[in-house]
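Structure provided below as structure tokens; questions to follow.
Should a chain be cited, it is by its letter among A, B and C, assigned in written order, with residues numbered from 1 in that chain.
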Amino acid sequence: MMDQMLLGLIVGSAVSIGAYSVLIGDNPISKITENLYMGILGGYILATNWDFINKNAFTRIQGGQYIYVLAIILSLMLFTRLKREWIWVSRYPVALTVGVGLGLAMRATVITDFLGQIKATILPLNSINNLIMLIGTVTTTAYFLFTREYKGTYKYINQTGRLFLLVAFGVAYGQTVSFRYELVIGRLVDMLRPEVAMYTYAFIFIVAIVLAIGYLTKKITWYS
Amino acid sequence: MSERLIKLKIPIYLTTILGILMIIEFYFPMPEPITNINVTLRSFVTIVSAAGLILGIIILTIAHLRKISKKESGWYYSIIYLVGLVITSALGLTSVRNTTFLWIYNNMTAPIGVALYSLTAFYITSAAYRVFRARNWNAAVLLVCAFIVFMMLIPVGAVIFPPVVPIGEWLRSYPSSAGFRGMIIGVSLGIIGLGVRVYTGRQKEHMGIREERMEAS
Amino acid sequence: MSMIKKLLDLDQRIIYLFLFLLLAFPILHPVILPMAVQDYSRQAFEFADSIPEGSIVLIEGGIAAATYPQCGPGMVANIYHMLTKGVKIVCFSIGAEQQVWTQKAIDTALKKLPPGVPAENGVNWVNLGYIPGGESAVAAFANDIRSVVSKDYFGTPIDEIPLMKDVNDATAFAAVFWWGGSEGSIPYGIRQFYGPFGIPISGSCTTNEVPNYSPYISAGQLKGLFGGVRGSAEYEYLLRLPGPALGQAMATNFGGLYWLTLVILGNIFYFLQRRGES
């Protein structure tokens, strides 16, 4: 079991370096890695979703809940999208998914996202923070009124809304940078474990040699 | 006319009826048969969604097969895609808890996925140096807020400049929160508007109507 | 001025190389510094700590391969926290990939449990696996679990699981913990559990998503939030549970200082160049 784990870490390190090699420029190693990723992920998605359909449709039909035959028929109707003349058949399962999905989103968004957020904005004006929340929410919402001319009082409301949006985007950007670094660190933690580190350095060396040969023999063209 | 009814009108009516069923169930007490129908419909959606994901993989595979058969540029990479797909799906279809299947996923897909996802860290860093400028007041506001919040998030930020923590938390909790609240309200209005447009039949893109118009012309 | 132009036109691969080295260094030579606990994390911890013994909580495992290094340790801490408090947990995922990582988090938490803590599959915890359909699946689950789940992650029929005997819908849960990773799915939990049923909800997301959910926190719809690796490190710290998140949080220091330096330098060179041109 330990050997399998170590082998897994080493393989993980190799494919990670293949993926990171795209930073030097588009090259065959990164393309191989990306296509391998797509293939394996595609197989995984296929298998797990088939397993779900098996567990929740076929098993129920075998248990006597024959209404689920309709679910299988609707699922098969979806596959008519592969033939242009029969695309109209796939509109029925799409109608089910869109109708139900949109209805579920609409009914809940009114309570939580619309009324809930407005209710939370109605605050006593006894502190600067409450005032900021009220002004910020109102002006930002008003910013999205694109059918009004930016004149008079509305121009200042619009500019204030934009200021609050910029603050929000700035905060989001700062958080995003941190998140991206955390991703790299997460990968490096596995690649630089004591038992794996030497293999990581070896793979980096091999990739560097391959890319250097490709560049010198003009078989790989990089951006400059 | 009846062809139009079956191919277009009935799916639109179905979308509307199903949507209204979901909405009124939430706000008004419904008789048990209606509630049972709704439960079944929601269950159907999960099964059809799973089938939709499988369909997506099939369409991608067809695109790669087409690339190989026409020997388009980079067709040999598509062979790698097919090999990965066939091996993984063959193992997974026998059992999703097959050890080799899970080993391949955990030790190949997962690391590549993380690595690809994390590439933006490098692009963001390069952009911070080459593009992120306080050219005007608007850009300056964005830059200063990003700077303060990021400094708050790194542990050493509080050591270098302790006030950055309360300032950053205040920025995140009040002005930024107000900005995002406005966006959430706007998005929820958008969802409601989209729902009304779809249920009244004014928006038909989810039915692929653009394809029909192209065929007609 | 041409020197400044050369510096501004620096090949980005050099920037990438330095970033790589600066992020790798603290992993090879860990540096631990004091760390303040963020307000959102403290709120989320206090909420989790207030759940009474004997309750059942729902955990949505939305962490995938890419986000497991940051949010995974926090989810492990959450599962550990609940089981050691005598709270039972029901897990599910709305992503195919995510169900594997949910089970991984459960397995890791089980290994860390002190002896004597009850942690039997089907009695104290259950992983119901993957349910496709996004928010529709969450709504279906909240209203009638058995309409979308017939077997758990291991293939055991739901009616044979003792923990699920009286658990039929959202009303059975005292709280919901939404470990959404980068799914962007916390609003599904708020809309389908908190809105209709009033079930309090807390959770975690990646660092970049924290501002998106701050309106929900200030509205009281979300009880705090653990954001990214820092949030996970804070949960481990508050729980006194040693884990990998703290080391990773410390590693962000070097990369962070590099980014801050580049922003400052880039702007200084830009303004110098503009002054030179004018």
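Keep in mind that, in the parts below, contacts are C-beta pairs under 8 Å (C-beta built on N, C-alpha and C of every residue); 3 or more make two chains touch, one makes a residue touch a chain.
Owing to the predicted nature of the structure, the values given are computational and were not obtained by experimental measurement.
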item	value
Chain occupying the middle, per Cα centroid	A
Farthest chain (mean CA position) relative to chain C	B
Chain pair bearing the highest count of C-beta contacts	A-B
Centre-of-Cα separation between chain C and chain A, whole angstrom	15
Centre distance in Å when chain A and chain B are each reduced to the mean of their C-alpha atoms	6
Computed distance of Cα centres, chain C from chain B, in Å	18
Multi-chain contact sites of chain A, meaning residues that touch two or more partners	23, 44-45, 48-49, 52, 56, 97, 100-101, 104-105, 108-109, 113, 117, 120, 133, 168, 171-172, 175-178, 180-181, 183-184, 186-187, 190
Chain B residues counted as touching two or more neighbouring chains	26, 40, 42-43, 45-46, 49-50, 53, 105-106, 109-111, 113-114, 117-118, 121-122, 124, 128, 143, 147, 150, 153-154, 172, 176-178, 180-181, 184
Residues of chain C touching at least two other chains	16, 19, 66, 68-69, 96-97, 131-134, 136, 139, 148, 155, 196, 207, 210-212, 215, 218-219, 230, 252, 255-256, 259
Residue ranges of chain A touching chain C (in the complex, touch as defined)	23-24, 44-45, 48-49, 52, 55-56, 59-60, 97, 100-101, 104-105, 108-109, 111-113, 116-117, 119-120, 133, 168, 171-172, 175-190, 192, 197
Chain C - residues contacting chain B, complex	8, 10, 12, 15-16, 19, 33-36, 38-39, 64-66, 68-69, 96-97, 100, 131-134, 136-137, 139-140, 143-144, 147-148, 154-155, 196, 207, 210-212, 214-215, 217-219, 230, 249-250, 252-253, 255-260, 262-263, 265-267, 270
Interfacial residue positions of chain B with respect to chain A in the complex	6-8, 10-12, 14-23, 26-27, 40-62, 74, 77-78, 80-93, 96, 101, 103-122, 124, 128, 138, 141-150, 152-154, 170-172, 174-189, 191-192, 194-195, 198-199, 206-208, 211, 215
Complex contacts: residues of chain C adjacent to chain A	13, 16, 19-20, 23-24, 27-28, 66-70, 96-97, 99, 130-136, 139, 148-151, 155, 187, 190-192, 194-196, 206-212, 215, 218-221, 227-230, 244, 247-248, 251-252, 255-256, 259
Of all residues in chain B, those that touch chain C in their complex	26, 38-40, 42-43, 45-46, 49-50, 53, 97, 102, 105-106, 109-111, 113-114, 117-118, 121-122, 124-126, 128-130, 132-134, 143, 147, 150-151, 153-159, 165, 169, 172-173, 176-178, 180-181, 184
